[in-house]
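Below is one structure, written out as structure tokens; comments come after it.
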Amino acid sequence: MTGELHEACGVVGVVAEEAARLAFFGLFALQHRGQESAGIATLDTGSIHLHKDVGLVSQVFRGENFSTLAGNIAIGHTRYSTTGKSSARNAQPFLIDTQFGPLALGHNGNIANASALRKQLLGRGLGLMTGSDSELLAMMLAGTPGKTWTERIAQAMKFWIGAYSLVLLTREGVFAVRDPWGYRPLAWGRIDSGGWAVASETSALRVMGCSDFEEIPPGTILHFNERDPVECTRVEIDAPHAACSFEYVYFSRPDSVWNGKNIHAVRRRLGELLAEEAPASADLVIPVPDSSIAAAIGYAQRSGIPFGEGLVKNRYIGRTFIEPTKALRRQGVALKFSPLKETLEGARIVLVDDSIVRGTTTAPIVALCRNAGAREVHLRIASPRILHPCYMGVDMGTEHDLIAVGREPEEIAKMVGADSLAYLSIEGLSRAIGIDGVCRACFDGNYHIPVDENFTKNCFEGFGKGTV
Amino acid sequence: MTGELHEACGVVGVVAEEAARLAFFGLFALQHRGQESAGIATLDTGSIHLHKDVGLVSQVFRGENFSTLAGNIAIGHTRYSTTGKSSARNAQPFLIDTQFGPLALGHNGNIANASALRKQLLGRGLGLMTGSDSELLAMMLAGTPGKTWTERIAQAMKFWIGAYSLVLLTREGVFAVRDPWGYRPLAWGRIDSGGWAVASETSALRVMGCSDFEEIPPGTILHFNERDPVECTRVEIDAPHAACSFEYVYFSRPDSVWNGKNIHAVRRRLGELLAEEAPASADLVIPVPDSSIAAAIGYAQRSGIPFGEGLVKNRYIGRTFIEPTKALRRQGVALKFSPLKETLEGARIVLVDDSIVRGTTTAPIVALCRNAGAREVHLRIASPRILHPCYMGVDMGTEHDLIAVGREPEEIAKMVGADSLAYLSIEGLSRAIGIDGVCRACFDGNYHIPVDENFTKNCFEGFGKGTV
Amino acid sequence: MTGELHEACGVVGVVAEEAARLAFFGLFALQHRGQESAGIATLDTGSIHLHKDVGLVSQVFRGENFSTLAGNIAIGHTRYSTTGKSSARNAQPFLIDTQFGPLALGHNGNIANASALRKQLLGRGLGLMTGSDSELLAMMLAGTPGKTWTERIAQAMKFWIGAYSLVLLTREGVFAVRDPWGYRPLAWGRIDSGGWAVASETSALRVMGCSDFEEIPPGTILHFNERDPVECTRVEIDAPHAACSFEYVYFSRPDSVWNGKNIHAVRRRLGELLAEEAPASADLVIPVPDSSIAAAIGYAQRSGIPFGEGLVKNRYIGRTFIEPTKALRRQGVALKFSPLKETLEGARIVLVDDSIVRGTTTAPIVALCRNAGAREVHLRIASPRILHPCYMGVDMGTEHDLIAVGREPEEIAKMVGADSLAYLSIEGLSRAIGIDGVCRACFDGNYHIPVDENFTKNCFEGFGKGTV
Amino acid sequence: MTGELHEACGVVGVVAEEAARLAFFGLFALQHRGQESAGIATLDTGSIHLHKDVGLVSQVFRGENFSTLAGNIAIGHTRYSTTGKSSARNAQPFLIDTQFGPLALGHNGNIANASALRKQLLGRGLGLMTGSDSELLAMMLAGTPGKTWTERIAQAMKFWIGAYSLVLLTREGVFAVRDPWGYRPLAWGRIDSGGWAVASETSALRVMGCSDFEEIPPGTILHFNERDPVECTRVEIDAPHAACSFEYVYFSRPDSVWNGKNIHAVRRRLGELLAEEAPASADLVIPVPDSSIAAAIGYAQRSGIPFGEGLVKNRYIGRTFIEPTKALRRQGVALKFSPLKETLEGARIVLVDDSIVRGTTTAPIVALCRNAGAREVHLRIASPRILHPCYMGVDMGTEHDLIAVGREPEEIAKMVGADSLAYLSIEGLSRAIGIDGVCRACFDGNYHIPVDENFTKNCFEGFGKGTV
């Protein structure tokens, strides 16, 4: 998947000494989940301090910021990069004052019924400053009755349909909340040197000093602070387990563990099964770096074809808004990848990519390999064909944008200039992930929740009079 | 009044070509009303664009900002300078999305029942991002029923107690609103080259290209846009006229006109009457620059004592957060004022100041004059003794802070080192201003509205069910 | 002189505790001499620290800067505002490493033979990073032989023709240097709480904590540090005394003293003599604020016509790069000055201005007064006609730009719309200043130094072989 | 080589339409050679425009910068990252005015006799603004006689001892200069769409649109502009060829070609020979990412042991100045690398690193692998032991800092916790690189140039009288 596929954010929460600093390093380890903006909020004697801005985590936070981010309780957020101008306004955590005291909130996911909820909130006379889900969730919480934040969160969750892994900061401490479907990861653990941490991925927990960790189960509110024992509240909402399979295919760090499965191991296994399902006669297995390396290793090990490095990725690419010159425009992906002639020249290669969404960069990459002398290019995709858009936060565009819709692999192979093209089967994907309750909607169209513009109608019924 | 007396903000509104640019120059002319932050919002095909930041008007706006501030309808705001860190968060206009479309709002004044309103809003389940009155007013408007913005504003005004001169921007155009008491100025006019403008002071209207202007009467909503005729709606709220006398004494620009009275002329008249009430035998009349120059001229002309320049003010003082050195700390006001030895040496002077609030800078100024050789210093204050705090936005502190509370002029004269000290009488103030319906609460304690922590109780009764 | 007349910079030097902070406040008091950039250099155990940037003194320096500006010895500089983009590159002090150790230099003035010196330096194989005189002076010093900095400075001064008041910082301490003609002011004094200070104007010395001060005589090098007694070295260069009369007319702060004369007193005296030379039958004397107030007071006192305030100046004007709208362009000076109708209406006024250079703003100001109702406008200029350009740093343009060249006062009066116009005579100017050795070149064409493109030819003769 | 080994900079030069934009993309491709600062200078009708600042290439350049960087001729520079504060002052290109017109210069390398040259320049009366080699080189060129820039450069090269790949911009066009030893790479080519480019590495040339390229031979001045044919001047200086072997081991991009050898292929070959020289009995070959991947692939292919991914590198690490918390400090490298338990658990691994300099990060990485369950860790280094410091720009510290000095591999293996440790032999290195004339000074102590503090004495003899 060499295109620009945007998911939605990483979150962390900490109760420990130097909480903001720990949150910083946690966000740093989640930088791959969002490069647009970053923010940290801390609780300090009843008040919440906040610093957030547009930029990478390492750009947003400087030493001086930590002097204002006092306190032993913190949450943090890093936001994904959308097209066009980044907006400081949409940076998270989102902080408001409520009748129950200050509330900061960071969100990873996508609320499927957001626009219906938004209309209802506005209709009740509320003003909204941003178009973000996180303001929506925070505003709803401000208006939800309940004796404790746990009660209020549990009550509000009944109206939230979609993917959400949340961290919240209030005077009661940190809350970590995972949607009943379990779309996005969220794990927590004890910091070896004392305290508690929560983060989108386990690799971030390790960086924050946790040797062990466990997942927050779907439909659960975890609450921790400096005084009380960790409290885990299960919210009874009927929902099938639907862990996003794309976290395994592409989003998560290879060193993270989710649903008991290490991401790297799953990806290697995807490659192994791909080798079984779609063998090729070739001299070398070449990954499209970086996300396809594990699958390529798996393919190589299973097929016995040596693993090789055939494409170099420009590591510092970051975000640049500079338009290429007219002369460069034709070169396309050349800025991102360079072919290694010495490896590719004269070789028959298996080119392994993790996925193809729009397919816009596939043809140029195949061409790069051919121009560098590859004799044959057998494209192998370590996930099934993407045939349906995602409503849970993965920006795949509409069906119209998906290259595999209405096209057989042979046709696509021709389009992108490959000698052959094969995808992993849906069964292969399932076997590689190896757990039940996976959302494969983008592959098989089974969305687990009713995806209908009107399905949220009346969801506010009984939400309480005049509360929002 | 040589101390730091903060009032609250300047506002502008424009319907004309290059509206943002005109708003910029209007704000520029209102810079004296607020140096902390500045902002402009424009309406562009149904959307509202906003740029605001901490800093002087000339710092916040650069050429490139105007390309994003498209549209022929704009409002602007400049905010006063408080102590401590400036916060971008509190910059105005405040912009929200509502069920009636986007709403931007800029506010000059102080809502006396703000904390009660805030509690009620929060209690209804709303979250608030800032501690500012303007968010409060905007949020209330978002939840107020009504067919048009004029209706909604008129309805909400029933719950707003205090000083407010507002500009609002919606898809219907610009609204300018003045509280029923008429505490703060707000005027409007036709731009000679076409279009309409509204501004806190008439001097800003002139800079924006209006040859003629008139005031927006207290308790009035003015509405204008590109299509419709200007619409003026009077809201029936029983309220005595209470124009802030400190606008005449200190806040407004001398070239502005308010309630039909030119500020400079009023100040000169304050000086004339002061000369009648409190003559002095002296060689020169010396103003404390800049705000007391007009009064000193009046004193000089009436008394026949020549006007002289005895103190130089550092014009570029701006805001500096650099702490003086230990050695400089003792010098006090020396950074702000320099004495002119050649003028002061051997002279008996009448030192005219517009007012004394806390009195902290008066003694150092008198000392400056004496050290420069002034033989006698007769302090004359062109307004009465300040004995009561202000609840309408003028930051005078509490009674405890006011030097005149519990002290006779003779005692104050001794404290500040003057040979004599006299204030203008309340009658003198009234005669100089020359209109009825002036708020002199800081002088005479008559607040025109019930100043009571609880007076706003139940003010939300009947505000509509579940609307906010 | 209501146009934009740019002079060149202010300088300070300090030996005292918290030297950088003292330098900051000194620069602050010299802000009127230059608003483009500011910088401070300090000596700290043999190294020189430097912070400089584009902006006002209060913008360039924040609290954190002072932690890096350690040491008890400092110099500072504030630079005048030229048209177009400000350049950080030209900010001063200029710092280089030399064979004699580090050298920082700040310069006020204009080296008349700069382009010849530049050509010679380049011709000797040197590279120059900027187009500024200060780099030139520093580079020449780096290549001048001598045992001490005093010796080297004295030697280099022989080749410098023009106006220069310099501060230098080396491992030997602070050096303050004034050109042999004494074109620009430079004074020094003992800081009451200990230490020494030097500054362009005495008002800055007072702000830096000096009760007494004296001037640095023309052609003198003053040297002070923490150890040694202050050392004053006279450089024997034959040069007539030529104190810039425009410092009296316009540049200096009214509370400064130069050549034993207080600037305010001189300006009042200019007004008195103007009243004697050019009386007018009028009701009010109105100054063009701020620089003409003293002259107007003098005119009023001598003529017996009351002093009045008829024009208000926008104090916050600062620098804005925003172009006015088409509608505003016609209004011209309206942004800078507002007329006070109440004062001007029906009045016959004497409008006092300090000078007229290009005359571009004079007509609009007269028009402002007339439009506000002034019945008669008698323009009185408190300095003689400007007929010759300045080569010593005052940006008066060429003869072609000067309104008085080739025009009699009557003609100019007509051009600017005044009922009458009179200038002070050259004799009046001389009497008011009251000292010998004044440069009046812009009035009388007597330049004191040979103003000739080629006059610097061979000035490098004997400068030492291969030294630069 | 997992430590922080800093080399010195990347350079580009372009003659083509939209030259600045092309230079930008060239620098972008050289970002790995320097992350501290970036700059581009263009020639525009005789003047040189310059923009440079601290930061990554993508941070320093925004769209608006290119409007000021007009012209069809450009050079660019990206600077390496040192510890501590980045300084805008040291950013390149360095631009000066000279007697021969403006000169901009960008430098990659290290002048070994810089301090002697500096002393001589200062001694001749010159002032220097920075401590950089590039100012030194530029200043020397400004003072070197010669009819053309080529002549002057050729003359100055006689005094420059050390590594330098330069780009220069003058009114005559772009000059690319390579030192006679050929320490650092520099190549050029024809841009397919027209024009010429030069760059530190061939991968950058490809990004700039060159299909073919060739190296600039050691001791050569290449000159190109819009008019004339490319001119190649060989400077006769007796110097052995000494291509830095560390460019092959670590610095250069794998997709670059140098001395006819592709970097990736050399690295793979280093791994192959390492497998031959130092076999190990193991289950997996694991690289320390990213620079050791090619060597690990080579080792795997030759040994038949499968290649695996066992360590994940945080790609976004960038530069952060945030100190880790006390709790995190103990975790050491955890922020940079994460172990993949699933790969490592129970495995006997060959851990391949490109080099060990100080060795500070080696022990933590071995520990990471062990803690993740690796049963045996056989460390294999794809280059020889580093026993001598580098004087040509590679920041290896002194002998004291080098872990291999005075220690046998067995001892080092114990120190870092590896079961075994083997280095590639010097012969292996030579065979892998496969060319003559390689500098292996850090391995074998043969420096090719006299490394002696005094060796530059008198090098200025005959440099011309009074020229510098």
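Points worth noting:
Residue numbering begins at 1 within each chain, and the chains themselves are lettered A, B, C and D in the order written.
Rule of thumb we're sticking to: a contact is a pair of C-beta atoms (placed from the backbone, for glycine too) under 8 Å apart; a residue touches a chain by one contact, two chains touch by 3 or more.
Only a predicted model underlies this, so the values are computations on that prediction, with no experimental measurement involved.
Where chain C touches chain D, the two copies mostly use the same residue numbers: shared numbers make up over half of all numbers in play. Spacing of chain C relative to chain D, judged by their CA centroids, is 50 angstrom. In terms of their C-alpha centroids, the spacing between chain B and chain D amounts to 61 Å.
Per-chain CA centroids place chain B at a distance of 36 Å from chain C. The residues of chain A never reach two or more other chains; the list is empty.
Arrangement of the chains shown, judged by which pairs touch: one closed cycle in which each chain has exactly two touching partners. Against chain A, in their complex, chain D makes its touches with residues 16-18, 21-22, 24-25, 28-29, 31-32, 35, 56-59, 61-63, 66, 191-194, 203, 206-209, 253-255, 262, 264-265, 268, 290, 293-294, 297, 300-301, 306-309, 312, 314-328, 331, 334-335, 338-343.
Only residues 95-99, 103, 122-129, 131, 138-139, 141-144, 464-468 of chain C touch chain D when the two sit together in their complex.
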